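Would you mind keeping the following structure in view while I ask a few things?
Chain IDs A, B, C and D follow the sequence of writing; residue 1 opens each chain.
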Amino acid sequence: MNQNPTPQTGHETGDYVTVNIGPSHPAMHGTLRVITLTDGEYIIKADPEIGYLHRGVEKLGENLTYHQFIPITDRLNYCSAIPNNVSYEMAVEKLMGIEVPEKAQLIRVIMMELARIADHQVCVGILGVDLGAFTPFFYLIIQREEIYEIFEWFNGARLTNTFGRIGGVDADLPDDFEERWEELKPNVRKANEETEKLLTHNRIWMDRTIGVSAFSAEDALNWGFTGPCLRACGVKRDLRKDEPYCMYDKFDFEVPVGKNGDVFDRYKVRMIEMEQSIRIIDQAYKLYKEMPADAPLMARVPKTIKPPAGEVYSALESPNGELGFFVKSDGSANPYRIRIRPPCYMIYQAFPELVKGELIADLVACLSSLNVIAGELDR
Amino acid sequence: MDLKKRVEQCLGPESLVVAMTECQGDVSVEVPKRRLLEAMRLLRDTPDLGFDFLSDVFGVDNLDLNKPKKKPKKAEEGEGAEAEEPKEKGPLPPRFEVVYLLLCLERNERLQVKVRVSEDDMEVDSLTSMWKAATWPEREAFDMYGVRFKGHPNLKRLLMWDDFPAHPLRKDYPLEGQGEERHLIYED
Amino acid sequence: MATEAYNGGGWIATKLEWLINWGRKRSPWPLPYGTACCGIEMMCALAAGYDMARFGAERPSFSPRQADVLIQAGTITMKMAPVFKKIYDQMAEPKCVISMGACACSGGVFRTYSTLQGIDKLVPVDIYIPGCPPRPEALLQALLMFIKKTEKSHPIIHKKYSDLLVGT
Amino acid sequence: MDDWLIAIIKVVCIWVWVLLIAVVMTWVERRGAAMIQDRPGPNRAGPFGLFQPIADGIKLFTKEEIIPARSQKLLYILGPLLFSLPAFSAYAVVPFGDKIILGGKEIILQVSDVNIGFLFILAIGSMAVYGIILGGWGSTNKYSILGGLRSTAQMISYEVPLGLSLLAVVFVYGTFSLREISLAQQGTFLGFLPNWGIFKQPLGFILFIVAAYAEANRVPFDLPEAESEIVAGYHTEYGSMRLGLYLFGEYVNLVTISGVIVALYFGSWHLPYINLGAYLGPVLWGIVSFCIFFLKVSFFLWLFVWVRWTLPRFRYDQVMGLGWKALIPLALFNIFITALFIQLTV
C-alpha cells in the first residue's frame, strides 16, 4: 500500500495498491515491466521499466565490421527483420555515397512490404489474444507462415533473414515468385477478411477498443510518435510518401489515417496498411518484370567496407514507424558509433500518459496495439 | 535557399553556431552547450526552419577520435582517419557529444544538432520541457554515457539496472563488461 | 534388496510408474517464456501450423505454479536473470527446462556486457535447442525429447534406488 | 430401505455421469478449439486424444503440492474445495430423464425432486463464489485478489438477473420443482410451437443464458481468470490437483447450467410435436428420455465452447454495466410482462 499517493484522476479514495505487471506476464511480451499504482482496477500511475532485453547491440556494432552488423539488425525487430536490414544498409550506403541499382531497390520493396504484412498480422493477432479473442490469431498466423516460406525460400531463414547486402541485394527473386505470390495474395486477403468479420464490427471488440487510450495528434508528435500509432491519431505522415526511398514515389498507394488515436484506430490502420502493402507489391513486381533480366543487383562496392569519416542518419518507414540508423564512421573498418532509432521506443515512453485513468484491462489492450517489440526497444 | 544557409542565418546572428558540417546531405550544427535550449527554441520557432519534431537524442563518445597523437605509433591501422582530426594540437576537445536529430514535418528536412560535453562538466540542459520525446533518450544517454540532463523529471538508469556501476557505451568500457554481477539472491 | 524387486518386475510399482509417466509425458503444460526472437518461433510452434497442442502442450500456463515445462525462448540478460531464476524456483516438481535458441544456450551472438552467457549458469537445463532462432520443428523435437526423458524417469521409486537401476 | 438404496445408486450414477461429461467436455473444448482454429488439437493421448483429460488429471495428481509460504493456509486449502463441492452437488435437483420402471418400481431420473429446486440451485450456485474469493484471498497474491474481487462482483451481480429470470419461469409454471416444469413442457404451445419454455419466455431465456455465462466465468465473462490481464486470476498460485479442482469444477458447473437451461427452456426430455413416452415401453422410454436430454445438454455444452473461441472478453466495468444497467431492468421488465400476461389470461 502506498500511503502517500498523488491523486491525479477523479478516482481518489485514499488507498492505492501497487501492482507489478511483468516482466513475466502473458501480456508483457516477456520483457516489459510496468509498475502500476491502482485504485481498484483504475490505473493512477503507470511506470514502465525497460531494459530487460538490453543486449548491447549498439556496443556490439562498434566492435563488428559493417557487414557483420547486418545479422545483428535482424534481432532488433524480430517480427519483421527485413526493414531493419534495409534501413541499416541504406544508412551505410548513404555514408559511402552508393547508388543502389533499381532492380535491387524493387526487390527490397517487395520484401519489405511482405515483412510489413507479417508484422501487422502478428500485431493484430496478439492484440486479439490479449483481448481474449484467440481465433483470429490462428487465422493470421497460418498466412504468416506462408510469408515466412517465401522468405525462407528466398534467403534461407524464416525470421532472421539477413536480407540484402550493402550496395544491393545478394540474390535475384526466384523465377516462381509470381506463382507463389499469386497463391499467397488471396489467402492473406481472406485471413484479413475473416479477422475483420470476427473483430471489427463485434460489439464487444468495439467496446473494448474504441476510445481506449486515445491520444491527440499534438501530443503524439510531441512524444515522437511515428508509424501506425501516429497515423491513428490523424497525422498523415509516412516516410514512404514524405521522404521517398527505394522508389516508393513510383507506387500508388494510400496512407490510412485514423481519427482518435485509440486502440481501434491503430488496429484499423494496420488492417488497411496490409491491403496497401499488397498493392505496392503488385506494382513493384510489375516494375520488376519490366527490368532486363541481367540488370545489376549490386552497386560497385569495395570488398572491405571503409566509409569515409562522417556521420549520417537515414530512416525508413518500418511497420512500426520511423526506423532510423545513425552511423558515424572514423574511416576504419568498424563503425565508430551506431545509433538505432527504434520506432516503438519513442512510442512506448508515452505509455504512462496513454493508460492514465484507464483500467488494467485497457493497459493490456493499449500495450499490444502499440506493437512494442522488446528487441528494438531495448536493443 | 538550402538548409545550411538558413540555419546559419537563424543561429548565426545570436552567435549560436560553433561549427557546421555537412556529410552526404546531412547537415549538422554544433551549438554551445550552455545555450542549447535557446538554439533549440530558435530552430523550432523560426518560420522558415520549423524543426518541430524531435526524432532522437543520443550520445557519442569521441575518446578514440580525440587521440591523434597515438596515430603514428600504430601506423599499421591508422588508415583513412587522416581527414578527421589533424587539427587537434592543444587541449583535447570535449570527450562526449550529445546529438539531437530534428525533423521539420512540413518540409521533411532533417538537422543534426550537437553539443560537446567535456568530462569535467557532464551537465546538459534537458529538452523535456520542449519535447516530451526526449524523456527516454535522455535517460538512455545518461545510462550509457553518464551525461546528466538538467531539468529532466526522472533522470535514472533506463536500460541497465539501477546499481550498475559503469556507463557501458563509453569507449573505455570493454564490450564484454567488467564482470559486473547481478545480485541474484532475492528475499521472499 | 529393494532394487532387485523392482528390477525383477514389481508389477504394481512399475505399472504405476508407467501410468504416472504416461500422464506426465502427455500433458506437458508449458510456461512459454519468450523474451526475444525465439519467442516468435515459439508462438508459431504453438499456433496452427505446427500446433504443439498435439502433444498435450495446449494450455500455456503463465503462472509458474501450474507449468511443467519452462520453455526459455530468447536471451536472458543480466537484468532479467533474477526474474528468471525466481520463475524457475516457483515451479513445482517435476519441472523441465527447455533452453531454446543460441542466446539461451550460450549467449549467442550477444557476447556483451549485459547478456547472460547461457541460462545454465542459473538453472539446470534439460534440453538445449540450437539455432538462431530454431525452427518450430526443433521445438517440437525438444518436446519429443522431453517425452522420452519422462518415460525413463522413476517417479515413485526413491531416487536413491532409481540410480541403481540397470538398463534405464 | 429400497428407496435408500435407489437414492444412493442414483447419486453415484449421476456423480459418475456428470464427472464423465466434465472430463469429456475438457476434451471437446480442446478439440473444438482446434477445429475452430484450423489445427489438429491434442491427438497423441489415446484415440483422437480422448485420454488427454486423464493424462492431465494424472499429471496434476502427481505434481508437487506447493502451499506458498505467505499464503493463509486454511483459506488456501479451503478455496478449491468450496468451489468444487457445490458444483458437484448442484446437479442433484436437475433431472436427467423422465422416469424408468424397474421391477415394478417407478424411479424418477433425478437425484431428488425437491419442491424448491430453483432455490437450491441458486443457493448452492452462490456458494461457489466463496471458493473463488477465499482462494484468491488466501493466496496472498495481488493478481489472485484482483481475480477474486472481479469474480465476486461479477457473480453477485449476475445472480440477480439469473434469479429474476428464473422468477418469471416460476410465474409461468407455478412451481419451483424442475421435474414438474419439465413435465409441463409436453405438447404444443399456441397450436404450432412446441410447448417449451423458450417460447413462453424468449426474453427470459436470453437473460438467463447471458447471466449463466457470467456465473460460469466463461468467455466473454472470463474476467476472473483473464489470462492476459491478471495471469490466471484467482488460481494463479494454485498448482497440482487444487488447480485441477478449480478447472474441473468449472466444467461441472457448465454441465449443471446446461442441464438447467434444457430443463427450463428446451423442453427437457420432450421431443417437439411427438410424445414418444406414449409409444415406448417404460424401460425403453427411460433410456430414450435420458438420451434426448443428454443430446440437448451436449448442444449447450458445445455452445459454451463455440462462444469461447469466437468472442473477445469484456472489460470489468462493462461487465458490471451490462449486468446492472441492461440485464436487471430487462429482467424486471420480463417479470412485469409475464405477470401482466398471466393476470390477463387467467
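Assume contacts are C-beta pairs under 8 Å (C-beta built on N, C-alpha and C of every residue); 3 or more make two chains touch, one makes a residue touch a chain.
Remember, it's a predicted structure, so these values are computed and weren't measured experimentally.
Participant: Where centres are the averaged C-alpha coordinates, which chain has the largest centre distance to chain B?
Facilitator: Chain D.
Participant: Report, in whole Å, the distance between the mean C-alpha point of chain A and the mean C-alpha point of chain C.
Facilitator: Measuring from centre to centre gives 32 Å for this pair.
Participant: Could you give the separation in Å between the centres of chain A and chain B, each centre being the mean of its C-alpha atoms?
Facilitator: 26
Participant: So what's the Cα centroid distance for chain A and chain D, whole Å?
Facilitator: The mean C-alpha positions of chain A and chain D differ by 44 Å.
Participant: At what distance in angstrom does the C-alpha mean of chain D lie from that of chain C?
Facilitator: Their C-alpha centroids are separated by 36 Å.
Participant: Of all the residues in chain D, which ones touch at least 2 other chains?
Facilitator: 37-39, 227, 231
Participant: Return the residues of chain A touching two or more other chains; collapse runs of consecutive numbers into ranges.
Facilitator: Chain A, residues with two or more chain partners: 25-26, 51, 54, 56, 59-60, 138-139, 142.
Participant: Name the residues of chain B that each touch 2 or more other chains.
Facilitator: Those would be 159-161, 168, 173, 175.
Participant: Per the touch rule above, enumerate the chain pairs that touch, sorted by label.
Facilitator: Here the touching chain pairs work out to A-B, A-C, A-D, B-C, C-D.
Participant: Under the definition above, what is the set of chain C residues touching chain B in their complex?
Facilitator: Spelled out, the residues of chain C in touch with chain B are 78-79, 81-82, 85-86, 111-114, 122.
Participant: If we count contacts the way the header does, which residues on chain D are in touch with chain A in the complex?
Facilitator: Contacts found on chain D: 33, 36-39, 142-143, 146, 150, 219-220, 222-223, 226-231, 309-318.
Participant: If we count contacts the way the header does, which residues on chain A are in touch with chain C in the complex?
Facilitator: Against chain C, the touching part of chain A is residues 23-26, 29-31, 51-57, 59-60, 71-72, 74-75, 78-79, 122, 137-139, 141-142, 144-145, 148, 158-160, 374-375.
Participant: Note which residues of chain C are touching chain D in the complex, please.
Facilitator: Touching chain D: residues 19-20, 22-24, 26-27, 29, 47-49, 51, 53-56, 58, 61-63, 65-66, 68, 92-94, 155 of chain C.
Participant: If you look only at chain B, which of its residues touch chain C in the complex?
Facilitator: Residue list for chain B touching chain C: 159-161, 168, 173-178, 180, 182-184, 186.
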